[in-house]
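Have a look at the structure below before the remarks.
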């Protein structure tokens, strides 16, 4: 199949390569020219711009940092909607606000372009191993058409609802993940400050109703204060902003999410933005005056 | 072994019966006389009071609602410390503040009585199936002595640290459990208010980094609004009070715990105290104006 | 002086009328044509569109609901920057995110247009009585030029810093106001639920370190549950969104602000959006199960 | 009148001296003997213990750190209730949990002792200048009897309701004060991080609906980072514990109070316990990574 791929960053580059390996004809573009050259070396084609990547494509995939970039690439003059032919399927895999995904779907309808929002989880490792979880919002028929393409980059690929639903599920995922990190951080600080061995205490928690994937995968590294990403606090900060925007859009009040967002913001403001999101522990520690001098 | 057992409520009664079944000579007391008679019918002995239950016992177990009852039974004139013989081992399985457990251990030392704090998780079902998780604080030698006794009521039995450590780990467990319920509730409200099918959305969350025992066991009942306990909000409210007391004692600041405690308090204040703690969902719903008229 | 005035709503209409009364030649435009006619009846001129309002003006004032309207009116093709002559002074009195004010200032610089952000507080009553507080961000010289114009609509007019600073001060104001309403609401609920007469209790608070303008002006109406606006919760909800956006822009973590924003969102979600912001009391009451059946 | 005064600390000592100066016959006791001697030097009498201070007194005043001390002095064997003659009026001016005040009133009734809870605000300066605000809970007749005595130490003396009501109003006062400090701290951090002069910004806030006694008295010292007490964070931490206990007793949910309590706890945990409570600013600063290296 003929694919256009826009956004060849740490996520997009391996995804595009997997699509090439799956036999697709991939024309990729990124603002950083070296990224396109790398794709060409892997068997794809380096497009000279958005319009060039889109030209003749059956499916266009976008994987961009945030909603301003998506608006620029998709909605602006010379962007995807402006240059793609009617019938093209646009799969936006960026993590952005649901309201932007919905606005894009509305704009695309006028141009007879089909759109799915399909944010992912699983991070850089998931992209490299073609093992992403993909939450897809949009029409059932478009999902069916996209599925064979997405199979080349993801492992769990679920159609969760109408336009924007993919983003909402991703937002829900991130607020739960951020919150559990915060709770585990508070548990560790309480245990250690009470003179209890945190590793032993967390073993007990992990085995009962408090158990979670995060306790399973990260309790050891958190107790050891190893915060190599993984998923950076800076990215989780962006995602908490999306969760709050989604809540505002849906007209709901999410008190824990509101506080978790500020704790994640604190992580970034304190200078831990490039550490793994489990470094929320450093924020809680600092709040309790239990911090080593060095960062 | 000769055991005294004080507190034969919904937890204590089945625990005492399991100890009888394990071959121990159990003398039990409860403020409700019928509870003692029931133990007698099961092969134990109904004691006439605390001193009678304690008389001649190698091990005394207390399973009481909260710290005032523990203080009354253990510390008051005519209580356990006052009437037990030197060398007796007191295992307090009540969930109370760590500082009370520590105060009891100090008082007991003067009387040459050995003490463990050994709160449990697993609830009424765990007690009835002798499948409790037991978090034990105190001396290693005393833990070793208690282990064969505790084996009759628990499945996971862990020595987590010095006096009070059992209570601290239990408090950490409860703050994480309460917090995850709150986060899942916020996720459900966000999904539903955004027009996304919550069951489908939570399936995705359950399979990734947001996954947890609570999502595994309770997501279906939460989405269906079935809140049969389980573990009552009233009890979780008590436990959040203990978590905050433990934080105060340890001189740490736990912002999420502070907010979770208020949401659980809201559950109780709104009249949901006798529902399962997953009914925290009703609090978050009400906050977002998404509440059915009836409670 | 020749003025263009865009946005003749509940705030803009009386402000434009005051400017006419002060002797200015005011050409006003609003998407609702009736608003322009009303201005004409008051001695101004009803412009046919943005460009018409701007044509020949020395000073253009915008008073619009939120940043999308400001972007549309100021930045879009045919907007203020596109049609005003170099040297024109644009005073944006809308309450919007600081980052939008800064972006406008940057865009204006290229067109040689001078810009101030000048959000107000004091509400509809302040607009009608020409008694607004005006927080102005931008260059000192432009502030000096604007001052005589602003004198016709405001009482306290302060230059608080560079471009965007007016919005930041307004955001800080709104987070403090929203927070104090929340705190007073919690105090009332605690007093009443404890059997203490809230009016008497708040009298004491008002006289000491807990005293505030809000306690002074609103404690009686809050205790009496009179929530006639005033300033609507819907508007305060918008403003809390701006405060959080400003915090994100400044890279700071504001935990109380994050929670206050959710409580205000709850007020709106619960259906109190058109009540006065002191109706935050209804949210806190409901959280504590102390709610009258009717809204 | 013959008075017993128990607790001659930084608050009690000047209060007892004012009562001597007002012509009362004051017999004072403190665990620190030097405090009694100082009272004797001021014209009072140094009692040898609680019973000695109480002997023959018409009115007994207690001014103690927290509820354990009050329970020890008032309720224990040889304490005030045990040794005072029927008809004695006990005025407990300590700041403690409402439930303890109520429990004392119940115990006192059996002994025919009259009791008022009468916590104060105004701090050390208020005590030294006999200018305290006094919130009194108990029977109207007992308040009338106490009024002439309290006039010697207080300026605003208000009967706010039944037993415990004085403590509830004090708790409400402290939660509002702590919360406003937190909000002002967040406003300062937002202003400064946005490049706005905080002093100018706060001037605007102080003049409008965001205005408060705290902004009036403390905004300059906060912006200048002068945190000389005043009222220590350690004491406010104790008071937030009382506010949460009062909320629990009244079965209400106070989300902002819950979070403010954790921020104050953070102040103490971070090592600022002996600074003025306005040093909550240092907590918020640190959360936003805006902290000078030294404390």
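Which chain is which? They are A, B, C and D, in the order written, and residues in each are numbered from 1.
In the analysis below, a residue touches a chain if its C-beta (ideal position, glycine included) is under 8 Å from a C-beta of that chain, and two chains touch if they have at least 3 such contacts.
Computed from a predicted structure; not experimentally measured.
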Task: Could you see whether A-D or B-D has the larger number of C-beta contact pairs?
output: B-D
Farthest chain relative to subunit B (centres taken as mean CA coordinates): C
Message: Please tell me the distance, in whole Å, between the geometric centres of subunit A and subunit B computed from their C-alpha atoms.
response: 38
- prompt: With chain centres defined as C-alpha means, what is the inter-centre distance between subunit A and subunit D in Å?
  reply: 50
Length of the line joining the C-alpha centres of subunit B and subunit D, rounded to whole Å: 35
Residues within subunit B bordering two or more other chains: 247, 251-255, 257, 259, 262-263, 266, 269, 287-290
Query: Okay, in this complex, where on subunit B does subunit C touch?
result: 255, 259, 262, 266, 269-271, 283, 286-290
Message: List the residues on subunit B that touch subunit D in their complex, please.
response: 241, 244, 247-248, 251-255, 257-259, 261-263, 265-266, 268-269
Field: In the complex with subunit D, residue positions of subunit C that touch it
entry: 98, 121-122, 133, 135, 156, 158, 160-162, 164-165, 168-169, 171-173, 175-177, 179-180, 182-184, 186-187, 189-191, 193-197, 200-201, 203-205, 207-214, 217, 243, 246-247, 249-257, 259-260, 263, 284, 287-290
